[in-house]
Amino acid sequence: MCFAVFVNGRFCKDAKLANADDFYASGFNVSGMPTPTNLGFSVNALNVNRMPGLNTLGISMARADLEPFGLISPHIHPRATELILVLEGTIYVGFVVPDTRNPFKSRLFDKILHPGDAFVIPQSMVHIQYNMGTTNATHLSSFNSQNPGVHMIPYQLFGSNPPILDDVLVKGFQLDKKVIEHLRAQFS
Amino acid sequence: MCFAVFVNGRFCKDAKLANADDFYASGFNVSGMPTPTNLGFSVNALNVNRMPGLNTLGISMARADLEPFGLISPHIHPRATELILVLEGTIYVGFVVPDTRNPFKSRLFDKILHPGDAFVIPQSMVHIQYNMGTTNATHLSSFNSQNPGVHMIPYQLFGSNPPILDDVLVKGFQLDKKVIEHLRAQFS
Amino acid sequence: MCFAVFVNGRFCKDAKLANADDFYASGFNVSGMPTPTNLGFSVNALNVNRMPGLNTLGISMARADLEPFGLISPHIHPRATELILVLEGTIYVGFVVPDTRNPFKSRLFDKILHPGDAFVIPQSMVHIQYNMGTTNATHLSSFNSQNPGVHMIPYQLFGSNPPILDDVLVKGFQLDKKVIEHLRAQFS
Amino acid sequence: MCFAVFVNGRFCKDAKLANADDFYASGFNVSGMPTPTNLGFSVNALNVNRMPGLNTLGISMARADLEPFGLISPHIHPRATELILVLEGTIYVGFVVPDTRNPFKSRLFDKILHPGDAFVIPQSMVHIQYNMGTTNATHLSSFNSQNPGVHMIPYQLFGSNPPILDDVLVKGFQLDKKVIEHLRAQFS
Amino acid sequence: MCFAVFVNGRFCKDAKLANADDFYASGFNVSGMPTPTNLGFSVNALNVNRMPGLNTLGISMARADLEPFGLISPHIHPRATELILVLEGTIYVGFVVPDTRNPFKSRLFDKILHPGDAFVIPQSMVHIQYNMGTTNATHLSSFNSQNPGVHMIPYQLFGSNPPILDDVLVKGFQLDKKVIEHLRAQFS
Amino acid sequence: MCFAVFVNGRFCKDAKLANADDFYASGFNVSGMPTPTNLGFSVNALNVNRMPGLNTLGISMARADLEPFGLISPHIHPRATELILVLEGTIYVGFVVPDTRNPFKSRLFDKILHPGDAFVIPQSMVHIQYNMGTTNATHLSSFNSQNPGVHMIPYQLFGSNPPILDDVLVKGFQLDKKVIEHLRAQFS
C-alpha cells in the first residue's frame, strides 16, 4: 500500500482495498530456515513478501540465528544501513572502513556484542557477524530500505555463473589456480 | 561519522578520528526509565545521543516496555515509518488511515500482537500501542530516520505552553470549557 | 505529465500527448463546497484531480474560506509543509512544537494574521486555523507535495471505523467513558 | 529552524531558541519594489530572508504585480516548480516544452489567465508572464524550494560580466554583430 | 533493469531476464549524426535507448564533436549537472551565474579547454561550447541523470510551435518586430 | 560552490567569491600515478580536491590506465553507479548480480570492451576491469556522486588494521590458516 504516489512493479494496493493484515506479519520469535551452507546460521527475513504493506515504506527487518561458531560470511547490503541488536548469546561483529585517501588501506571497526548491545553497519560496508560463544546466538537487524539486498562476497567472487576469469582471480587474490579451483568448489 | 559529505550541527567526525565505539551502544536488554506519567510505559531509545555514528545514517531504534494496561497514548512520528516487533506479552496496536477523498472519515487498522509478531506504522500516521494483557509486554521499534520525532497528541493539544485558545479547543472537540480545563490539568 | 521518468498509478501522459489544459485549472476566486460539518469552513483544493499536469511535480495549493468563528480543527499534513497567505479577514494560526528532549512537553507557536501576512507550518506539525473576526476570512495555502494529505485529529481519534478501543481512549485522554461516547457521537 | 538535522550555512536555529516570529512574515498585500527595468513588473518575494523559519523547509512564495503590458521576460527557475494563481487582471502565461527526441523543436503551452485561474510551470522550463490587459494584474507564485533561483534569459545572454564572446552570440542567434551590440546595451 | 524497486514507463526488466547486453553500448569512438542545423556540431548520446540497463541508474553520457567554429548554442540541461572532458581540439566553454540578490545581473564563468581539461556546468545553468580552433574538437560529457534533457534557448524562444506572442518577444528582447521575424525564420 | 543551500564540511564558497577556476581541472590526457601495488593500473581521479566547484554537484570522474594484464581487482563503489567508456585497448569488465531470492547464487555480467564501447556498473556491485590485451588500455569512468568511494575487496578482507579474526576468514573462505596468512601478507 502506498499513501503517496502509486508505484508499480510490486503491487501497490489502492488504500481503499488495504486492511490491517497488509501491515502485519508473524513468526519472528523463531529462527528461519537454515541456509543451504555449512556456515551455521539462518535468517528469518521480514520483507515485502511477508508484509505487503511495507511496499514503498523504506524499512525492513531480519532475525538472524547463529549456531556456536556460526558465521555470516563477509557481505554487504548495497541499499541499506543495518542496525543490529543482540537478543541472545555473544556475537562478534565488524565492518571494514576504507581509508578515504588510500583505497589499499582500511581499518576494521569490530566489537563483541552481548544481549542488549547494538551496533550499526553503514550502507555498503563489508561486514561479518560471528558467534564466538558455545551457545546459540540471535540478533535482530533493522534496515532502512524495503529491499536492502545482500552480496555474499565469497559466493559472488568464487561461485558466480559464469565464473569470473581464472586470470582475474589468480591475479586479484595472488593465489595459485589450484586454490582458486578449491574456492570455486566451495562456493558454487 | 559521515562517509559521504560532512554535515554540521550534530558533530560529524572525520572518519579518521572515528572508532568502533562510535557505532556501538548497550543497555537495550532492559527497560528505559519510566515516563513521568501514569500511562505505564517506558522507552529505551537508541539514537544519536547513545550511538554517535548514527549521525546521517537514517536509522534508529527504541525498546518500549508496557506494564499491564500500559498505553502509549495516540501519537505520530513526523519523520519516520515505525516497524514494531513484539518480544514479550500481548500488545494491541492500531493506526488511523484517512479516507483520501473525505478527511472527516477514516479507518482504523488494528491488530493484537503476540511475541514474534510484527506490524508497521507508516510515517506520520496517528497510532497507539496498548498492553491488553496482565503481564508486562515489550516491543522493539525500528525507524528509518535518525530522528523520528514524537508528537504525543493529548499532550500537544491540551498541554502546550502557551495553551491553545479555549475557543479553538471547545469548538474543535465539541466539549464544554470545563472538560477542556480538566484535560489541560491532566496533560500540562 | 512527467518530464523525467514515467510513473504509473496516477496516469502519466506521454509529453507528446499533453497540452496546456493539463497545466491549467480555474475557479479559485471563489470558495469551495462547505464541509459536511458545523465547523464553518470550506476548502477549494488545487490538486492533481483538477490539474493533471501536477502529477510528479511535488506541489499543490488550496484556498480556505472561514466563516466568522470558523475553525479548521487540529490537523496535520503528513507529506507537506504548508505556507499560508491571508487574503481577507483575521485568522489565528498556531502549530505545536514538541520539546525534542521531552515528548510530554511542547510549545505553541501562534500568531494573529491579517491580509498580506504569511505563516509556515512545518510538515506533520499539529496545527489549527481559526477565524477570530466577525467577517469572512480567506487564506491560500501552498504545499510542497502533490498530495499533502490531511489528518483531522478529532475525527481520526473519535470517528474512525472501527472505533479505537474504549480503554485506549479513556486512558489516553483521562476522560470518562461517557465523554468518549459524546466525542464519538460528534465525530463519527 | 530545522526540526530534523541541523544544517549550516543559512543559520539553523536550535528549536529551543525559535519562536513564532521565525515562521511569520508580512506585507504581501501590496506589491514589491519595482524592478530596475522598463519591463513593468515588481516582485514581492517571501523567502528565508523574510521568514527565517523557511530554512530547510523546501517551500517559498512570491507575489508579482504587472502594469498594463508589463512582462516578466523569458526566464527559468532552476530549482523549483512554480504554481501560479491569478488574483487580479488578465495574465498571459506560457512555457516551452522540448521535443524529447529533437531538441531543435519545441511546443509552447500557453494560456490566458483570469482571477482564480491557476497554471503550473515545471522546474527549469523557459516561461513568461505578460499582462495583456489595460489594468494592473497580480499573481501569486508558489515554489517547492526555499531558494528557487531565477535566470532572466535576455539578461544572462546579453548582460553578463564579462560578456559572452561576440562570435558565440552572432552564430548562436544568427544576428549581425550590430544587433548583438544593441542587445548588450539593453541588458547590461 | 532495476535492482531496487521496479519502475514502469520505461520498461524495467526483471533482474532474472536481464543480461550483460542490457548494460553495454558501442559506437562512441566516432561522432554522432550531424544535427540538422548549420551550427557545426554533432552529438552521440549514450542514454537508455542505447543501453537499456541505464534505466533508474541516474547517469548517462554523450560525445560531442565540433567542426572548426562549431557551436553548441546557448542551452540548459534541466535535470543534470554536466561534467565535460576534452579529448581533442580547443573548446571554449562558459556558463552564466546569476547574482543571487539581483536577477538582472550575472557573471560568466568561462574557460578555454585543451585535451585533458575538464569543466563542470551545474544543473540548469545556461551554457555554451564553442570550437575556437581550426581543427575538429571532441569532448565527452557525463550527466548525473538518465535523462538530462536539453533546452536549446534560441530554438525554444524563436522556434516554438505555436510561437511565443510577438509582443512578448519584442518587449522581452527590445528588438524590432522585423528582427523577431528574422529570428523566427532562423530557428523554426 | 553551492548554488542551493550552503553545506559545511567541505568548504562551500559563497557564489560571490567563486570563479571559473573552481569549475576547472586539467591533466586528464595522461595517466595518474601508478598504484603502490603490482596490479598494473593507475587512476587519475577528478574529484572535489581537483575541482572545488564539484562540491554538492553529485558527479565526478576518473581515468584509469591498465598495463597489459593490468587488473583493477574486485571492488565496489558504495555511493555511485559507474559508467565506463573505453578510449584505448581491450578491457574485460564484469559485475556480479545477486539472485534476489538466493544470496548464495549469483550471475556474472561480463563483456570484452574495445575503444568506443561503454558499460555500466550499478551502485555497490562487485566488479573488475582487466586488460586482456598486450597493449596499454585506457577507460574513463563517470560517477553520479562527488565521492563514490572505493572498497578494494581483497585489501579490505585481508589487509585491514586490525585484521579480521583468523577464525572468521578460515571459515568464511574455507581456506587453511596458512593460506589466510599468505593472503594477509599480500594485501597488508
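So that you can tell them apart, the chains are marked A, B, C, D, E and F in the order they are listed, and the count of residues begins at 1 in each.
In the analysis below, a residue touches a chain if its C-beta (ideal position, glycine included) is under 8 Å from a C-beta of that chain, and two chains touch if they have at least 3 such contacts.
If you're wondering where the values come from, they're calculated on a predicted model, not measured in any experiment.
The chain with its CA mean position farthest from that of chain F is C.
Put simply, chain A has to spin 180° for its C-alpha atoms to lie on chain D, with the angle rounded to a multiple of 5. Copies chain A and chain F of the same chain sequence form an interface built mainly from equivalent positions, shared numbers / all numbers used being over half.
Looking at C-D alongside D-E, one finds more C-beta pairs in contact between the chains of D-E.
For this pair, chain A with chain E, the centres built from the Cα atoms lie 41 Å apart.
Per-chain Cα centroids separate chain A from chain B by 27 Å. Averaged C-alpha coordinates give centres for chain C and chain F that are 48 Å from one another.
Shared interface positions of chain E, i.e. residues touching 2 or more other chains, are given as 3, 7-8, 78-79, 94, 100, 110, 123, 149. Listed in rising order, the residues of chain D touching chain E in the complex are 35-37, 39, 69, 71, 73-76, 78-79, 92, 94, 96, 98, 100, 103-108, 110, 123-126, 128, 130, 149-157, 159-165, 167-168, 171-175, 179, 182-183, 186-187. Residues 3, 15, 18-20, 23-30, 46, 51, 53-54, 57-61, 81, 83, 85, 87, 94-95, 97, 100, 109-111, 113-123, 140, 142-144 of chain A are the ones that touch chain B when the two sit in their complex.
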